[in-house]
Amino acid sequence: MQLQTSTWQEVEAYLTRSKGVIIPIGSTEQHGPTGLIGTDAITAEVISERAGEIADALVAPTIAIGMAEHHMGFPGSMTLRPSTLVSVICDNVHSLARHGFTRMMFVNGHGGNIGTVTGAFYEAYASAPRDTRFNCRLVNWFTDRKVAALAKELYGDHEGGHATPSEVAVTQAVYPDAIKSATLDPQVAPSGRFYGPEDFRRRFPDGRIGSDPSLARPEHGERLIEVAAQAVADTYAEFLAED
Amino acid sequence: MQLQTSTWQEVEAYLTRSKGVIIPIGSTEQHGPTGLIGTDAITAEVISERAGEIADALVAPTIAIGMAEHHMGFPGSMTLRPSTLVSVICDNVHSLARHGFTRMMFVNGHGGNIGTVTGAFYEAYASAPRDTRFNCRLVNWFTDRKVAALAKELYGDHEGGHATPSEVAVTQAVYPDAIKSATLDPQVAPSGRFYGPEDFRRRFPDGRIGSDPSLARPEHGERLIEVAAQAVADTYAEFLAED
Amino acid sequence: MQLQTSTWQEVEAYLTRSKGVIIPIGSTEQHGPTGLIGTDAITAEVISERAGEIADALVAPTIAIGMAEHHMGFPGSMTLRPSTLVSVICDNVHSLARHGFTRMMFVNGHGGNIGTVTGAFYEAYASAPRDTRFNCRLVNWFTDRKVAALAKELYGDHEGGHATPSEVAVTQAVYPDAIKSATLDPQVAPSGRFYGPEDFRRRFPDGRIGSDPSLARPEHGERLIEVAAQAVADTYAEFLAED
Amino acid sequence: MQLQTSTWQEVEAYLTRSKGVIIPIGSTEQHGPTGLIGTDAITAEVISERAGEIADALVAPTIAIGMAEHHMGFPGSMTLRPSTLVSVICDNVHSLARHGFTRMMFVNGHGGNIGTVTGAFYEAYASAPRDTRFNCRLVNWFTDRKVAALAKELYGDHEGGHATPSEVAVTQAVYPDAIKSATLDPQVAPSGRFYGPEDFRRRFPDGRIGSDPSLARPEHGERLIEVAAQAVADTYAEFLAED
Amino acid sequence: MQLQTSTWQEVEAYLTRSKGVIIPIGSTEQHGPTGLIGTDAITAEVISERAGEIADALVAPTIAIGMAEHHMGFPGSMTLRPSTLVSVICDNVHSLARHGFTRMMFVNGHGGNIGTVTGAFYEAYASAPRDTRFNCRLVNWFTDRKVAALAKELYGDHEGGHATPSEVAVTQAVYPDAIKSATLDPQVAPSGRFYGPEDFRRRFPDGRIGSDPSLARPEHGERLIEVAAQAVADTYAEFLAED
Amino acid sequence: MQLQTSTWQEVEAYLTRSKGVIIPIGSTEQHGPTGLIGTDAITAEVISERAGEIADALVAPTIAIGMAEHHMGFPGSMTLRPSTLVSVICDNVHSLARHGFTRMMFVNGHGGNIGTVTGAFYEAYASAPRDTRFNCRLVNWFTDRKVAALAKELYGDHEGGHATPSEVAVTQAVYPDAIKSATLDPQVAPSGRFYGPEDFRRRFPDGRIGSDPSLARPEHGERLIEVAAQAVADTYAEFLAED
């Protein structure tokens, strides 16, 4: 059930049977020569939607821009300052809490969001509207054990850390008309640590980290979506069941 | 051209021929018994996409949650505090300015955003990253002269001010499977001024202001999208052409 | 009744008969070669004072500096960042709400304030001190129908959009010793859209937009004050009467 | 020379002969049964104006609302949060610095402002617009040695610490039509330390601290204005002369 | 070399041979019936000091209060809001960057800091003082591979997740006079996920998670300090050596 | 009783007999050629600890970095922006208030903190967690009458205003191994007013103001600590005894 295509009375009815909600959060940032700039938002959204179907969960609109300061050396990348992202998370959570939601599960598609979003949950608890109590949880679809096993099966050591074939494959399944091709040089990108945006671009000139996204196929994406959505739905069920 | 389905090299190439970008901004809020909660985001997004096609403009991801504090009395409505929205606008604009964009046109679907977003432009000018210069402009698709004329032709005095048949019709064209029906009582909602969320709900118990959205039809939506997109594209062309 | 020249016991007594208050808000910015930098604050203040007499309303101190980033290319202009202005509005409103005021009407003399101030009202509602409820309203004296008609009668097409003869005339009535004269070249200033401060100064080199302020006369100012104050007082009465 | 009654060209000319500016800052808060709520703003303003005449200094608009949280237990008191006041001070200073002013002297009428304003100066230095250098200084007219001596001569031990006869006398000189009378009980208010607003009102039920403002006379006010303005002008001259 | 016991000329000399600095960061929060409230600050500090000796690194003062909202259900716990902690990290980093430091390594003793601090680094990069470039890195002493192996060797499965014997042992080595004893019931605390402060206290009534801190001994602490400090020093050397 | 070396149950027990707490606050900034960068934090901490022993008061961790923007021209100095320091003070106070503390006494070692910290108290009162009431007070150990008398006795006119022999002596008593020597030229530093960091360094090239810290001796430090701690303890007792 999508919040965006529901009426307020439908949400009112939903609240009589559940206090849970899924909020997809991604990023808008370069994903190498063949990855879409919206990759992290697209993957979080499609997996959340499918998980919402499995779990009969309400899915809120996707937070499409995350914390991607380190990608700002590449045209088209967009970022929220960490402090802005904290405010956005708080406003999302508090809006939902005012209606009686008590279990907010963020399904995340971007590693760079993790620190700021988990910190923001405590800002949200501490500044909660009066008389509201709620729990927030972040789930990274790409670190799920079964998803990682499937990526390993499909791509072996060429999955890498950014602009990975698995995330590219998911976007290919969603946007088959936007599959890109490009010469990758080297075929498998270098790996390593990075700091700010200049440093990132210097170390990873085409934007990839450790990956060979040419291995991605739309049919992989279908499988990854299904596995990830089931994992998200399972975690959501546990989350709702916690006392 | 959608930013989310482009690569960074495609954006780099786009920047050699244009410095303009369109940013859809909507809201996630109740739209009466038959309007979708995502109405303002959906309409801004579809009209921006179509305008982008007409004008060969890059379209950034939609800001789906706006300033909707006054709708918070209805389940499912979400809002950013005005101060958060100011930060979000600044971060969007500054991200794009860092890549060399100089004409940021926001296509807006929600009256409640106007004040805060236009104020935010000056915050963005005053706090611009060094050595960047850019112009920001807000266009409300629903107040365009030709759009208003078409709405008048289609709905006469029953267009109203919130949960209008014209915005509902646009969403029907986009999501024909999510067309809702409900008894409207009264058929045409009351009109008037409002203040905070309790006040809004007290004056407008089902969320509509002055409208009869039962008049909406998907085929109206198609026409409205086309007229609005052309108007947005025309304004965008003027905006780019300004010295 | 001026807050600044009252005692706290007089305010306590006033609160037994009314919960309304008028807050003038202007700007401190260039107004062309013959307009005073304080024009927008002076006009808002004198009209508020006169309206306060007509309506027996308490008038709070004038917010003299508004959002004037676009005027910062001219010496002497001062501005609050939009985010600061939001905080100032909230603090004004919340201070008054703590004493039991429930109808805060801002009388505005500066177009550049409108967006930020109307947005700030929702920040004020959302962050209200506990158990307080209040309504905020912004009235722009210069857009009142009768005021505009009088300006049209007096100045025809030469009223323009900034440094207008009508606002200059109001300041002449208040400060007859500070009437300025200067050669205006061209006699009627150019019109058009503008963005940040450099852009503003480039398009409007002497600071005026579309106006010929040499037409202003102090006796016009007297008439404009009276018409505007009556309009403000009428709106205030309606505001208080709303349920 | 008043900024509010000058044109931008007059300010431009002023800047060729001086980089100094005086900014009055007061408060809007209870001043006991006979003191005006605007006392601290009125006194700072009149003394700044007179000092500006003596010293040929530009005087910016008065910051009428200061940090008066501790007075919020009395109807009509208004306050900026300290964090808002920091932003207001920065925006005032940075606005003036953008035009080339380098010596900003705040003339203060309210003890409660001192801590926050002096702290704000360092926020202003640290966040200065690029390539601007300026010095800020706060002068409290009521702690000047000669002013204190005159207050001692006029009121002996009954000057007290809040709602003092000397500040009341200054307002009587400015607003002779707003001289108030009331029974003071006790004649001389109690003294002592205080914390938040409830604590203040509990300790000082009518708002005075240690004072007998019934001793105030308008003619005292005239003398106090003259002595204070000369002291401010002298300090301003020293401030400008510093290397 | 401790910043606090150095002179500015000694720091000036240090900067001619190194641009690196270590900043200990901990927390002030309950650590169960036998753990010190300052555990996380004390451990981060002592390990940083020892690592500083090994690596000839400057050590800045300890950030003693971190993000511990979830511990606020227990008397004596203190917390910074995540937004405050972001500001504190930025101010620490920017202060050091203004003097020419380019490698800021935070040695962390508290899991609850990780998200917010790593997010804050990107806020620090994005808002860096002009013309400064620097890299920030967070090292959690308690997750080092060799430290974890030693804890496993010493405490097997009773190390747990909060109020662990290893962190308690480190504080025993530092403050042998403050070794506490208490009956632990159950001997090994329960484990599991938690959300806000009420939830934490409900699940973990004495504040421990999964641990049996009665196993801690000061001599373990000595060994843990040495192993952790060597690991920190090694990481620091790598960090400095990165191009 | 040190918070950092206590358990939460010990704090719980303390709260049954007292609601008071002492919070040392200092600065991390240059103190001339022979003064330690941590002087203001070290002195505040040792005096607070000793006062805590005398008064049986709980002592919270030291806020080691204060507002020292004006010292940033000297290597090693660190500063919080005033706005950050306001947040830090609020978070410290609110954390303690949530546990039932009602008397928070800050013992300060740095003149530059006074304005911002006293302002912050009112921010803390105004934004207090619901249903909490508390009083905050700042005590500057170095301005106590008896401390000043002892400094006068020891150093006469060579005490000065920054990098004073008395504060240096206190640090010598605490860190006898970190006593520094350097040629002071001139022997007694110049005095005067200062503004931002460049201005400070220009006027006071080695960082001292008006002082001859070569007069400092560790045994003076012992005496100063004892006198200052007794004064702090006396003030604390008065503070607790206030109704």
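Just so it is clear, A, B, C, D, E and F label the chains in written order, and each chain counts residues from 1 on its own.
Convention: contacts are C-beta pairs under 8 Å (C-beta built on N, C-alpha and C of every residue); 3 or more make two chains touch, one makes a residue touch a chain.
Small disclaimer: the values here were computed from a predicted structure and weren't measured.
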item: Path length in steps (a step moves to a chain that is touched) from chain A to chain F; value: 2
item: Chains touching both chain D and chain F, listed by label; value: none
item: Neighbouring chains common to chain A and chain D, by label; value: none
item: Homomeric contact chain A-chain E: same or different residue positions, threshold half; value: same
item: Computed distance of Cα centres, chain B from chain A, in Å; value: 24
item: Between chain C and chain B, distance of the C-alpha-averaged centres to the nearest whole Å; value: 29
item: Chain centre separation (chain A, chain C; CA means) in Å; value: 47
item: Shared-contact residues (touching 2 or more other chains) in chain B; value: 79, 81, 83, 130
item: Pairwise touch network: line, ring, star, complete, or other; value: ring
item: Sequence of chains encountered when the ring is traversed from chain A in the direction of chain B; value: A, B, C, D, F, E
item: Partner chain F, residues of chain D touching it in the complex; value: 67, 69-70, 79, 81-83, 85-86, 112, 114-123, 125-127, 133, 135-137, 193, 195-199, 242
item: Chain A partner contacts - residues on chain B that touch it in the complex; value: 2-12, 15, 28, 30-38, 41-42, 60-62, 64-65, 72, 74-81, 83-84, 87-88, 90-92, 95-96, 98-100, 175, 178, 180, 182, 207
